[in-house]
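Two complexes follow with subunit A in common, the first pairing it with subunit B and the second with subunit C.
And now, the complex of A and B:
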């Protein structure tokens, strides 16, 4: 009986494992191989050992890109997470209007990146959008997307706009399942609304916060869409991140081997973050 | 001391102040979320001249013609048809593949499920960029590059692991007595799966399908990579090309954006409970 169940089990898993093997697993393995070669995408890849990685370590453009991925991570760990926690907590405590606010906050999440990027590109336009309204119209109205010092933050804001409502919804669901008696106990101790948020709500939903923080870090290193659509990595490479660099190396400058090594670097970062998360979870005995 | 138990707060001046502050903050957040979309709706109905004079306000005389123009110029009929083909194909395949896998991982005595679940988790956090370059060349060689089928297979591979994990946690909550009873009655394994389990987990399958539908419809990067012919492009990349071609025509851009948003908006309004629960559970998956 047991043996039969195992055979049947493999049968049901076969489609998933096959499609993943073909699309993800095997290409990922051959990507590691490619990263040790020089290849234009045509003809035979030429084995060059760790040259791509040496170049990666010395490439200033890559360093700048990693730095921007880190800035992006930091922004996304703080701003949307903070907005979402705060928003969810406010909604939780205003039940009557809560549904309305939740739906309004969540709506941008269903907007696709292409549409959201085009909406925000318009809002950032120095002649038409919000800038003349906020900074005054004229020749020196800032062009937030066109200026290398502000472009990355401007793109990030567009992404935050779309993203934070999703986080809010998840935090709200987690907060709803917090045992109400914890709040009552805190109230008896004389805790105000802010104290209750800090010492009851946040600790109770910590697993959710940690999981979404993990996802945030991983996604922040993979970010591509928003930057590619809104700035294309410009102006003057000031918004180039690992994702856009890889794309350009592989398909614009035809350095598939070098692009593969950037891919391996991104994979290693993801695995590293997942590893930290899993070991933290094990050490602190969080439930799966 | 009886006062402590009455939880209803009286509206003392201090509490009124807190209420006002709370709704002010909620209101500001709502403005942040709603205004960009509202402005886009209004702008989709203006002429270019009107946008230049009045970039953020309401249109004086709604110009519905913009939608027709954007539809024709951007060739949106083809884009939508491609999107429908890709979305329907992907969602069906994702639903089938993940339902089968989740069944094995939750409702059979399968000894390796822990390892497999970890494998799926890790797989799910690998960047697309890690397998993109080889996959691109393999797909070209197999003739799957620049075809809907090729894109559908990729979307299935990318989305199915997470859908499997979600469905598995949904299936675990249902007692296995029904299947066991059917097996005792002599039902074959496929009959058990099709006529006992499937009806029980139908609602979970619908939920993951909806989540997958949104993800696939909105996906941009893979569609950009793997579809080259304009007549095969789904709406997301054809909109991207349209944008690049008409970068200064804001009314047409806004109208095109609204058209891409419309089907998902409609689905969201009709099915918002399922949408929210499905998408929320994907965020709660690790906790």
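And now, the complex of A and C:
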């Protein structure tokens, strides 16, 4: 009977496994294969062994892109995560106004990325945006997207604006599930609001924090949309990340084989991050 | 309960299989080749409506056996979608590309059908401008038919020029004076920006390479007889870099990277810039910014003047904006060629399109009678200027091989911001170009003396 149940279970899983196999597993395997070829994206790929990977190691543009992905990761691990934790805690402590603020903070998340990125591009415009209003029009008006030193951070700010509300909602939900008796106990021990946040709330929602941190790192290495829409990787390549580089290699330079090797690199980075997380979980005996 | 669930699952599977089968039954319609499919990149709703009514519907009205069905795609993603589809052995019967350089990968992959026999049968050699048809050849096979042609130009407002006592410069010295006077008047001398289109730098490079280094030098370098590190090219790139440094071009690098096309048109209409270096595609939109209500300014165009002693008259830099070709996997090559031939045999329809929506025509052998009465004389004069050109130049996106072309504008951006020296930039171009030349990836080019 149990074997029959297992068979039925597999039968129901079959469509999902088939879909996953076709749209995830097979493309992933073919991408790995293509990374060992010279291929324009059309016609027959030509096997070139590890040449693409040797080029990856020597390509300064790739190194710079990885560095920017790391900067992006660091920004997103600190700013939106910190904002979201703090915001969720404040919203939790103000139940009356909480619903209003949750709505306000979460709304950007439901805005289309293209719309959001386009609006932010407009806001940053040195002729039509906020800069000429705040600092006056002219040659010295701050031009955040036009300046290579500030462009990446300006794009990150736009993305954070949309993203942090989602994190806040997840943290808020996690904080709501913390056992109230822990707070009562802390209060009996004389803990204030800050001490309760540090010693009760954060340890209690640690699995949520760790999971979102893990996903933040993975998503940060996949970032493409905001950068492509707002700067296209410019000015002068100053916001080029692995995602935009992959796209341009595949479709602008017609080096789909090389683009595939960049894709494999991105996948390996994600696997590495997941590996670190699993290792930490095992070593520290986390339940999640 | 469980057997019931299993039965339900089997039932679902059976329905799915039936739907798949039914879906499969509709597939042969396209495979029979009765419908000729195309994916056309468009830039506006007006363009889509015009093309559908005046080309697709008009053709289908007289050719019901092999009607054309056009799927209109967003300009930004059309090429990628088509590449993915063709790579999978599918794709439309008629393939669009963004010019010969872009189409090379299709040719090399054997995805396009040679059209020599149709060219001979329908006499295309006598219908298409020779230089344009030549760009469609690869190793004696004709693969690409030019669908639009274009050139670079300088857009300006005659009222602004008149108010400041300017006339269009005819040499470098006059142009330098004009640049200085523009800046003194608080205007950007050469408006440009790449916020809307990242490769805009290649437009500017097309101008300086031809107008500073000269078409002869470019022709020799493209033919592999001259190095890109030679002094003419150093002069061209240094000139462009100098204009950015002095903020004469694009208002400087920071403004360049953050200025949109809409702002550029407005800059001419509102006197914040004295010229806007753009291409003939500007005719699609320029009217929106200069309404002919007698209240505001008007616009006109001029070729960019010669910018060194090496160039005696303004070169007319030419290039192909789009090409059409026949998918090697098509089931109906004759039907696809018939539609292309219909386009080629209708020069009046091509110019009527240009008159109506500003979209460039096919580079056909036009005569005066082909121009519609309602075409804007400024637009007509541009195409007449190209036809009369004694010296032609080369637009990078048509005559440079793909990797060199991408290098040209992406690395030039680094020169503009000071991250790369002019010498290193040209040395890098020279090495990459030599590699692509050896691989046979450089598109054919006409002689500069036309």
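By our rule, the second predicted complex is superposed on the first by the 282 of 288 C-alpha atoms of A that agree within 3 Å, B and C clash if a C-alpha of one lies under 4 Å from a C-alpha of the other, contacts with A are read in each partner's own complex, and residues count from 1 in each chain.
We take it that a contact is a pair of C-beta atoms (placed from the backbone, for glycine too) under 8 Å apart; a residue touches a chain by one contact, two chains touch by 3 or more.
Because the structure is predicted, anything quoted here is derived from the model rather than measured.
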Worksheet item: So, A:161: does it touch subunit B (first), subunit C (second), both, or neither?
Response: first
Practice prompt. Please work out whether A:41 is in contact with subunit B alone, subunit C alone, both, or neither, and reply first, second, both or neither.
Written response: both
Item to complete: Would you check which partner chain A:28 touches, where first means subunit B only, second means subunit C only, and both and neither mean what they say?
Response: first
Discussion item. Quick check on the superposed pair: does A:221 touch subunit B, subunit C, both, or neither? Answer first, second, both or neither.
Written reply: first
Discussion item. Contact-wise, after the overlay, does A:146 reach subunit B, subunit C, both or neither (first, second, both, neither)?
Written reply: second
Worksheet item: What's your read, subunit B or subunit C touching more residues of subunit A?
Response: B
Practice prompt. Report for A:128: first if it touches subunit B alone, second if subunit C alone, otherwise both or neither.
Written response: both
Discussion item. Quick check on the superposed pair: does A:8 touch subunit B, subunit C, both, or neither? Answer first, second, both or neither.
Written reply: both
Discussion item. Touch test for A:274: subunit B only (first), subunit C only (second), both, or neither?
Written reply: first
Worksheet item: Is A:175 touching the first partner subunit B, the second partner subunit C, both, or neither of them?
Response: neither
Discussion item. Please report the subunit A residues shared by its interface with subunit B and its interface with subunit C.
Written reply: 5, 8, 11-12, 41, 125, 127-128
Worksheet, complete the sentence: subunit A partner, complex, touching residues on subunit B are 4, 18, 22-23, 25-26, 29-30, 32-34, 36-37, 39-40, 43, 51-52, 55-56, 96-98, 100-101, 103-105, 108-111, 116, 121-123, 125-138, 153-154, 156-158, 160-161, 164, 189, 193, 214, 217-218, 220-221, 236-237, 239-240, 243, 250, 253-254, 257, 260-261, 264-265, 268, 272, 275-276, 279-280, 283-287
Discussion item. Under the definition above, what is the set of subunit A residues touching subunit C in their complex?
Written reply: 4-5, 8, 11-12, 40-44, 121, 124-128, 139, 143, 145-148, 151, 231-238, 248, 251-255
Worksheet entry | Partner subunit B, residues of subunit A touching it in the complex | 2, 5-6, 8-13, 15-16, 19-20, 22-28, 30-31, 34, 41, 83, 86-87, 90-91, 93-94, 97, 101-115, 118-120, 122-123, 125, 127-130, 132-133, 161, 165-167, 169-170, 173-174, 188, 193, 205, 207-208, 210-212, 214-215, 218, 221-222, 224-225, 228-229, 242-243, 246, 250, 256, 259-260, 262-264, 266-267, 270-271, 273-274, 287
Worksheet, complete the sentence: Touching subunit A in the complex, subunit C uses residues 2, 5-6, 9, 79-80, 83-84, 86-87, 105-106, 108-111, 194-195, 198, 247, 251-260, 263, 402-403, 406, 410, 413-414, 416-417, 419
